[in-house]
Each structure stands twice: as C-alpha cells, then as structure tokens.
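So, here come the structures, one by one.
After this come two complexes, each holding chain A, first together with chain B and then together with chain C.
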Partner chain A sequence: MKEVVLDCFGEACPVPLVKAQNKLAELEVGDVLIVQIDHSCAMKNLPEWATKDGHNVEVEEVDDGEWEVIIEKTK
Partner chain B sequence: MAEEKTVSRRSSSASRKKPKKNQIPFGVTLVAIILVIGIALGTKSPTLALFWVTGICFGAILQKGRFCFTASMRDPYLTGGTSLTRAVLIAFAITTLGFAAIKYGYAAQGLPMPGMSYVVPVSFATVIGAFIFGIGMVIAGGCASGTLMRVGEGFHMQLISLFFFTVGSLWGAHDFGWWKYHVISKGKAIFLPDVFGWAGAIAVQLAIIGLLYIAAEKYEEKRKAE
Partner chain C sequence: MAREKTVEHYDVVIIGGGPAGLSAGIYTGRARLKTLLIEKALVGGLATYTNEIANYPGFPDEPKGETITNLMKQQAKNLGVEFKLTAVKSVDLTGEEKIVETFRNKYIAKTVIIATGGRPRVTGGIDEENYLFDKGISFCATCDAAANTDKHVVVIGSGDAAIEEGMFLTKFASKVTVSVMHDEGIMDCNEIAKNAALSNPKMAFVWNSVVHAFEGEEHLERVVLKNVKTDELIPVSCDNCFEFIGYIPNTELFEGQVTLTNRKYIPVDDKKQTNIDGVFAIGDVTDKWLKQIATAVGDGAIAGTAAEKYIAESEIFEEKIMQKEKVGLIYLYNAIDQDSREFLSHVEKIENQFGSELVVNRVDVYKSTGIADRLKVESFPAVIITKEGKIATTLYELNDMQITEAVKGHM
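Then we have the complex of A and B:
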C-alpha cells in the first residue's frame, strides 16, 4: 500500500481535479492519494467526483484555507 | 471502516498542523465595519446602501454555497456530476418567474417595463460569444462573479484573472460600438412575451429549463453507470 502526496497549492480548479484523476489512474487498488489544495472550489468538485467514482474520501482542513483531500482507491 | 483508520493515521499533515486561530472576533469586527459603512452610505443615498448590502449578501452566498457558473458547465464533462448545473437551472427558473412578475406588473399598468435595454438582437454572435466566454472562464478558473469571490477569499492567482478580466472588459467596451453596428444589430431582437404572450412565454421558458434539468439528471445517471 502506497501513499502519494499531490501538491496542488496555488492551482485553480479544475487543475487539482484533473491532476488527481490522472494520478489516481496510475495507482493500485488500496493506495492512498493525498491531494493538497488551497482553492475552495476544488474542495467541492474533487470529493464529489471521488465519491461518485466509488472511492473512500476524507477531507481535512489542515490550516485556514488549506485542505487535504484523502482518497483511497477502491477499484 | 478499518481502511479509514489507516487513512487518518497517515503522516503528511500531522506535522504541519497548526493550532487554528479563533475567527469569531474577526467576524464580529467585520460585521460591525459592514454595518458602519452601510449606515454611512445610507445617509448619503439609500440606493448605495442597498447595493452595499445586496453585494455583500451575494458574495457571502456565492462563497458559502460554492455556487460556480463555471463548474456548472464544466463539471458534467470532468466529473459527471450535474448538481451545480441543476442548481443554475433552478436559479434560472426562479428568476424567470421573478422577472416576469416585475415586467408584467409594469406592463399591466401601461408603464414602460424596466430592463428592456437587455432585450438585444439574437444572432450567431450570441452563440459564438457564449462559446468564447465558456472557454475563457474555464481557463481563468471562474466567471466574473466567481473570480471576484475567489480574490476576496485570498486566492492570489486569480488576481491575474481579475486584472485581465478588467483589461478585456475595457477593450470590449471600447470596440463594442463597432461590433454593435456591424454584427449585433443584424440580428433580430426577440422578447418572448411578444411572441407567445405572457403566460405562453413563461410556460415555454420553464418547459425548456425543465427539459434541460431532466437531461442533466439523466446524463448524471448515465455517467454514474459507466
């Protein structure tokens, strides 16, 4: 089981989403992808997409206006 | 649930997690400042105070609601989610009723209707313009209101968007006369109540919005099934 951190600080949406989609496609089932974002818009579409796609998703606000979206690949 | 526990035990953020500042004093101060400025504007002109209050409400709703016109057009393709698309359609349906009520109120009394200067000719210029605007807002990461809201949130990269948005608007305004004379005025201005009558116009517009809503829902189901 791998843990990959994807730094998307300073990237406007939809860049974090597209990067996460591409990265997640490379990972194996069971791996964890941590996407670091500071764009509030990505806070909505990233978890929404990952949940819809059937992965386990958790969002954590690490600092004011900085979030980590933790996605565990399940399929 | 076991896997979620392993997820939360990960290493990355634990070390850089800072204790959060209490934001309530800032909030209270901000509300006080907004009120003071609002009252000051109100003594000068009630309209200014109204603009001040509605502008702040609009910004707060945009920010808290994560309402994004860009995402409503982009996310169906990227994520397969149409929740924002449907939210925009509902907003259109509500404004259809609201604007129709206002305009009909004036028309019924034989008064000139407000906002009729926005009934402009429709032509291919509308379609091409909308398409260019769509490309621009997805690349810039926000439409006009979204960009302003994110600059207010402190997302500095979109200051660049805001700067070029202003430059582009000024340029557009500078050349607008030429476009209006040579392209836009060639089209035909259509005001739906003139064509279908008031009830018909509302029915037609709501029916189209309803069909789009159903299409958005079906599309989301289809994308989910894939």
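Then we have the complex of A and C:
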C-alpha cells in the first residue's frame, strides 16, 4: 500500500489523464496515486475517468487553481 | 488492508453541493458553525448543466447555471465553509453523533444536511448520453420552454408531468409530438389533462411507442421511436426532446435510516428536519412540489438556520437544562398564555424556598418547542423535576404544593 505522487503542474489536457492512467496501471490494488494538477479541465476528466473505472476518488483544492486528485486503486 | 481513516469533527456536514447545499453552507458558515460540504462531482449540482437561467431572481442577463453556483460557492468559502470533493461511502445518522464516511475520512458531525438532489430517469435509447441537457434532451419545461418558440419538440411519456408540461410547451412550440407507450387513447395522466391534450390542435401523439435512438450532428435532430407491437422504427425530426418519465432521488445512502416516501424522496417538516433529530434534508431530494434553484436556496436557508438552532439547543439542553449536579425544576410554558405567565412568580417562590439546592430553568415554548420536544412534552404548561440529569417527575398541573412535594421527594 504505497502512495505515489505524480507532478502534472503546468501540463494541459489530456497529458495529466494519460500520465495518470499509465501510472495507475503500474500500481497494486490498494495503492494511492496523487495527481497534482493546475489545469481545470483535468479536474473534470481525471475524476470522471477514475470514478467510471470504479476507483475511489477525492479532489482536494490545495491552493487557488491547484488541485490534488487522489485515486485509490480498487481493482 | 483498510487504510486508517482520518477522523474529523464538524458542527455541520452537508452532503451535496448544489444550490440547496451551498445555500445551507452560507447560513451555517455565517452562524460561525464549523461546516464541511461534500460533493461527489461538480460543485453547483444539476444547475451547472443549464446554459441559461432566466428565472432566478437577481440575474436578468440569463447567465449559465455555473456562473450562479460559482458565486454561491465563493460566498460559502468566504464564510468559512470547507469543501471536500469526493463521494460519501456510508453514513450512520441514527446516533447523537452523526457519522459520514468517505474513502479516506470519517467525519463526526452534530448535524447533517442532506442535499443530494436527484437525477432524471432517462429512456436508455441509443446515443442518449450524447444529447443530454443542453444538446437537445431536456427534463424541465419550466426551464427550457421559452427557448423552443416556434419549434417542433418531442415529449416522451404520458404521466401528469409529461402531459401538463407538454401542454405548457404548446404555448411556445409550433408542434408537440408526444410518444406514448400505451394503446391509442390510453395515458397515465389524469382525465382532465388527457382530454385537454387530445383536443389541443398543436399536440400529436405516437401511440404504442418508446424511444429507440437519438440522432443528430452535435445537437439533436431526430428521435427514432419504435412501435412496441410491430417493432417498426419511426424517425421524428425535431428541435428538442423533453423526457418526463420520472425522477430518481439520490437517497440510496440513507435507506433504512431516514424515512423515505414510496417514491424514495425524503419527507421533511417545516424546518426541513427528517425523522431523525439533527438530520435535515433540502432541495430536490425532498418530497416537494417545485424543484427550482429559487426553492432550493430557500430550503437551504431554512435548514442552515434550523441546524444552528438545533446545535444551540443541544448545548443548552445538555449543559444547563439536564445538569447532573443538583435536582432540577424545568418550567415549560407558553408566554402568550396569561395563567402560565402569572405562575412564573410561583416558580420563583419555589426557587427561593430551596435556594442553591435546586436548579430552576424556565423555557418559553412560544418561539420554539425544540427543548420541549427533547423532553417529550407536548402539552403546556408543564413542570418537570430532574434528578442526576434524568427526568424524575412530569406534572401538568400548576399546583405549588404538589410541585414542592415532588421536589422534596427527589432531594
């Protein structure tokens, strides 16, 4: 059960989504991936994809215009 | 392998970040209550799916739904409301402490406000999801009728909502085609609506039909209906389609704890409280007559204020009224009743007689029966004697002697 931070600051869609998808594939069930983003479109498509895929998702606004999308791999 | 959840305490946890939840947060935040709002998708709720909102007072320029809800969010944030963007996994609302769990946190709250809204039931037709909300499929005639002036619209369904909203649409649209599942002349709506609809020259009906598919470049252009008896496909060209086949409230999380109507809505009282003390419900998830942003924010104001009163009453109740140190006398009276008012001087005499041995509380029930409700007293005036923080005797007669004897009996 590890926690991996993926820095996607400054990256526009769909880069954060693709990076997150690739990273999550490497992780084990129960691991947590924290994707740091500052493009609001990723704030929509990242949680949408992760929820649809059945993972646990939480979005935290860490600063004005900066978010952490926290994804726990469930399968 | 479950991860240890972080436990956090709040005065108020609001589940759902639509206009109702945001409005409740604005009120509880302003009352300086520690408030958390949990939203599983987008703050703003269903309102964010609307491109023009023309009937919310104060916004004459028909802004996007998101514009209004973003302002509400900003206002709530300014007042100290914290936001958590994740789904609620489970709740336990039955105890004094309300527990709300997400996948990483366990929140313990004094009150919970349910503002989870609902979702329109959809037909399940092919490619339906491509045209939902602002791309041709609508669920609200009150919202979108005016945008359909001189257009051809298709209405799905034949219940009261479908037919009444369909008739409303004929005031704007040039033609309203209604897809009805049943045989010719049979509808699910009431007879008056049915007869009015059948004689309305702008209304046409396609009997024995359900939706097969939705088609169009970008925006909806055609609804393909299917005859349920012959399987014949019937393409109907149109500008927009309205689906009125029911609404599903998001109450799955609360089943078995909060009382629901047979349609799964939450019934509430005039303070928006559910069957559980300290648990409120507001907006589209409640059993209400009109689902609009304007009514949702009104609900939020009521529940936010009621939550604040509930917490204040809880504190007074536990620390003052149900104090454990001494024998207590609680006088519950209605200040507009003269006899009850005059008896206050008798209460004072009894108080003086026992001095510091007795703790006396006078509770005026005129404005709020909250404390009386907690004491399970329904008729006034009433006198309650407590011992070690528990009700020992309840008297409904204003008799000095009887009350004095009762107090002595518990000393």
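Just so it is clear, the second predicted complex is superposed on the first by the 75 of 75 C-alpha atoms of A that agree within 3 Å, B and C clash if a C-alpha of one lies under 4 Å from a C-alpha of the other, contacts with A are read in each partner's own complex, and residues count from 1 in each chain.
Assume contacts are C-beta pairs under 8 Å (C-beta built on N, C-alpha and C of every residue); 3 or more make two chains touch, one makes a residue touch a chain.
All values reported here derive from a predicted model rather than from experimental measurement.
Of the two partner chains placed by superposition, only chain B is touched by A:I34; chain C is not.
After overlaying the two complexes on the shared chain, residue contacts for A:C13 are found with chain B alone; chain C is out of touch. Of the two partner chains placed around the shared chain by superposition, chain B and chain C are both touched by A:N56. For chain A, the partner with contacts to more residues, out of chain B and chain C, is B. Judged by the touch definition given at the top, the superposed model places A:K44 against both chain B and chain C.
In the superposition on chain A, contact is made by A:D64 with chain B only, not with chain C. In the superposed model, A:E72 makes contact with both chain B and chain C.
In the superposition on chain A, A:N22 contacts neither chain B nor chain C.
According to the touch criterion, the shared surface of chain A, contacted by chain B in one complex and chain C in the other, consists of residues 1, 30, 32, 44, 56, 58, 60, 70, 72. On the chain A side of its complex with chain C, the touching residues are 1, 30, 32, 44, 47, 51, 56-61, 70, 72. Chain contact summary for the complex, chain A toward chain B: residues 1, 3, 5, 10-15, 17-18, 21, 30, 32, 34, 36, 38-41, 43-45, 48-49, 52, 56, 58, 60, 62-65, 68, 70, 72. Those residues of chain C whose C-beta lies close enough to touch chain A in the complex are 1, 3, 41-42, 83-87, 102-104. Every residue of chain B that touches chain A in the complex is listed here, in rising order: 3-4, 6-8, 10-13, 16-18, 20-21, 23, 63, 66, 68, 71, 74-75, 78-81, 83, 138, 140-142, 146, 150, 153-155, 157-158, 161, 224.
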